[in-house]
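We just call them A, B, C and D in the order they show up, numbering each chain from 1.
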Amino acid sequence: MQPFSRGQMAAKLAGDIPEGWFVNLGIGIPTMVADHVPADREVILHSENGVLGMGPAPAADKVDPWLINAGKQPVTLRKGGSYFHHADSFSIIRGGHLDLCVLGAFEVAENGDIANWATSENDTAPAVGGAMDLAAGAKRLWVMMEHTTKDGRPKLVERCGYPLTAPGAVSRIYTNLGIFEVVKGQGFVVREMAPGVSFEELQAKSGAKLHRPA
Amino acid sequence: MQPFSRGQMAAKLAGDIPEGWFVNLGIGIPTMVADHVPADREVILHSENGVLGMGPAPAADKVDPWLINAGKQPVTLRKGGSYFHHADSFSIIRGGHLDLCVLGAFEVAENGDIANWATSENDTAPAVGGAMDLAAGAKRLWVMMEHTTKDGRPKLVERCGYPLTAPGAVSRIYTNLGIFEVVKGQGFVVREMAPGVSFEELQAKSGAKLHRPA
Amino acid sequence: MINKIVTTMAEAMAGIRDGSTVLIGGFGSVGQPDALIEALIEQGASGLTCVANNAGTGHAGLARLMELGRVRKIICSFPRSAGSTVFEELYRLGKIELEIVPQGTMAERMRAAGAGVPAFYTATSVGTPLARGKEEREFNGRRYVMEHALNADVALVEAWEGDRWGNLAYRASGQNFNAVMATAAELTIAQVSRIRELGEIQPEHVHTPGIFVNRVIHVDRGPDWA
Amino acid sequence: MINKIVTTMAEAMAGIRDGSTVLIGGFGSVGQPDALIEALIEQGASGLTCVANNAGTGHAGLARLMELGRVRKIICSFPRSAGSTVFEELYRLGKIELEIVPQGTMAERMRAAGAGVPAFYTATSVGTPLARGKEEREFNGRRYVMEHALNADVALVEAWEGDRWGNLAYRASGQNFNAVMATAAELTIAQVSRIRELGEIQPEHVHTPGIFVNRVIHVDRGPDWA
């Protein structure tokens, strides 16, 4: 069994983004997708804090202290990029203008529910940030995450146990073991498996029924 | 009896605007106020179509075809002026940021109701423009109008007969015969009378009880 | 390579269907996308709902579109103005439907559409005939009416300059309804007086980010900045 | 002559009362009005409700204000971040109230306050614990929650440049919450890295028109444009 590396996951996902899409990459692993968009393809990255057309991280001596991404890391701006304020930035998100948002998750359910912000209903001070806006607002939500938790529990589940970020929002999942479509009325459909992974193994590591593609 | 000329009405009103106020002047007579603001006083004029800091009309050979006011006349911009779009412009109006709006009116009632956009409940295609936004949104609404209609009917009334623009919005009225405060629970209080006008004459030309100042 | 710049009006108008809701930018003659309106007349779509501040003047542009019987309904704040004879005649004959909206409510309804807000409350029109039939509600002791987002199929806008990503910047009072309408439609088409290279419009000075714009076409509107 | 430029922090902070709701601009360190927050600590107002994206880090700025017991309640989207120990300790001890708001809802609630919208509907948070107790309603087959405007007494913002009329322009990602918060408070105080003469900021490039700004103070934040 040769699970996808994070770089491979990012490259798989990046390869599925058509030219011209406007995309928001969530904090954490999804950020890696930016480095794997094919060089000849223009994909325009959005950041919640008012940036459209984000470029890669700057060289250490070229850091502009006024330009960061939503993860608060220094970034650059591509030619054609633009800046705006938070209300306009979230209008882009909430108004359904982003073609795609990629988020990490604790759990994704077979009905497309996503839980990625709090680990308990009683968590008293959880940090939601822009996750709910992105999950509810983007035209498509893809999730990029490890297939199971560190202690082996499945993250593809029948129903989320953690508090939801948004109901029924996820349409595709990229994990280290495979790529899955979330199909309404059916659930998780396997689109691709990592090299050497069998359908049975994949099913054993998942908390909900997997379907073979039609 | 020497009624105020329109220029005198405009000068009276302009003289009552303190330095630093942000003011929207309605289409028609109120526009004249701009020319009577004392030269040493900075009053910042707003226009619905996205202009703050409007200056006087340009010389004929200096007209910028991209710069008009809400009345669609060419204007200029003062140093320190700014441009924005319609939603932001009406946020300024509706968010209560204008210190003053000056409108013309068909009728003003003693409870501050104003009617200035339609002459009949059955008018099928009346033109409201930004009047309702301004009347409901500005911190203060002053009206500038002739004291009576051309055929002598009073425009200061107990209750408006024409469809309202906004209820209870007017706080001061400048007419060719005098200046009036609209005082809650009391009604029209005379602040100034045009030269040679007696209180009795003024009352006779008004459709609601006038009060002498306390 | 992303390239939203089209070179013919046929490309600019492609796919506009009968029955569409079409937003028409501009205020007075400033920022009015005249060339696009002419192209829409040429294109042929009918049964349109048009949203514009005014109901057209003379016999060109929006007035012409109405005169040709292509407009089912008009949503505007100020239908009657000098020269709005085509509209008035059609309206008198019952051949066109009219929805009067206060100017600020009209702008805010389109801003809401662009921002994913299906409905909001405003004090504008409370206590007036335009509040009739609208839900009212009190917040902090003041009464407000509920207004709905005004989403559209198509927006025709004019900007001063634009680039191949669809970024737009406006000149002087030219932002007006254009910058709002650009956010509220599925298909936003912009006529621009100057085509710029990517990056020529400084990123802090882009008024309408390219994400809101689908097609850009060059229509020269006279000399540069004074 | 209008002159909103003040030269001392005492003037900048004058009149801020105990119990005020204070908006604090910036996102991360970009556009964070550090000097104004320090001045607020100095000024002494307490019982404050603070609105900021994060709940402070380390022991300076907002964290220091909380540590001194001057903050009754914090409204933010992301309270727990690296170094938010002061907040976490106070929260654990029940010494500070917390209202978690999705980042976009927070921005929109302040935008609504500035625009005279007392309440609006959004899909964000529907079906999640953050929708609990909120009114829900369906529009066009989708469910939304009602959110209220977030009005404030004071906004502390940072801009790149400002003039004596209060016009502000921001640099790069510095607009963030600043440009929204400036519209939502009774008293908006801006620290700017450059003071400009009237007209030096081109009218199309003003991000926050002076009508939203009450006081401007010069706090240099380093070199000019790259």
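The rule we apply is simple: a contact is a pair of C-beta atoms (placed from the backbone, for glycine too) under 8 Å apart; a residue touches a chain by one contact, two chains touch by 3 or more.
Here's who's who by UniProt: A, B = 3-oxoacid CoA-transferase subunit B; C, D = 3-oxoacid CoA-transferase subunit A.
Owing to the predicted nature of the structure, the values given are computational and were not obtained by experimental measurement.
Steps from chain B to chain D, taking the shortest chain of touch contacts, total 1.
Listed by label, the chains that touch chain A and also chain B are C, D. In this assembly, the C-alpha centroid of chain A lies 29 Å from the C-alpha centroid of chain D. With centres set at the average Cα position, the gap from chain C to chain D is 32 Å. Centres computed as Cα averages put chain A at a distance of 34 Å from chain C. In chain D, the residues that reach two or more other chains under the touch definition are 108, 111, 115-117, 122-123, 170-172, 203-204, 207. In chain A, 77, 83-84, 87, 90, 93-94, 137 are the positions where the chain touches two or more neighbouring chains simultaneously. Contact between chains, per the stated criterion, is found for A-C, A-D, B-C, B-D, C-D.
Residues 1-2, 111, 113-117, 163-165, 167, 183, 197-199, 203-204, 206, 209-212 of chain C are the ones touching chain A in the complex.
Chain A contributes residues 47-51, 64-68, 72, 77, 83-87, 89-90, 93-94, 113, 118, 121, 124-133, 136-137, 163-167 to its touches with chain D in the complex. Residues 19-20, 22, 42, 44, 46, 52-53, 77, 79-84, 87, 90-98, 137 of chain A are the ones touching chain C in the complex. Of all residues in chain D, only 27-31, 77-81, 87-88, 91, 98, 100-105, 107-108, 110-111, 122-130, 160, 170-180, 207, 222, 226 touch chain A in the complex they form. Residues 108, 112, 115-123, 137, 139-140, 142, 144, 148, 169-172, 203-205, 207 of chain D are the ones touching chain C in the complex.
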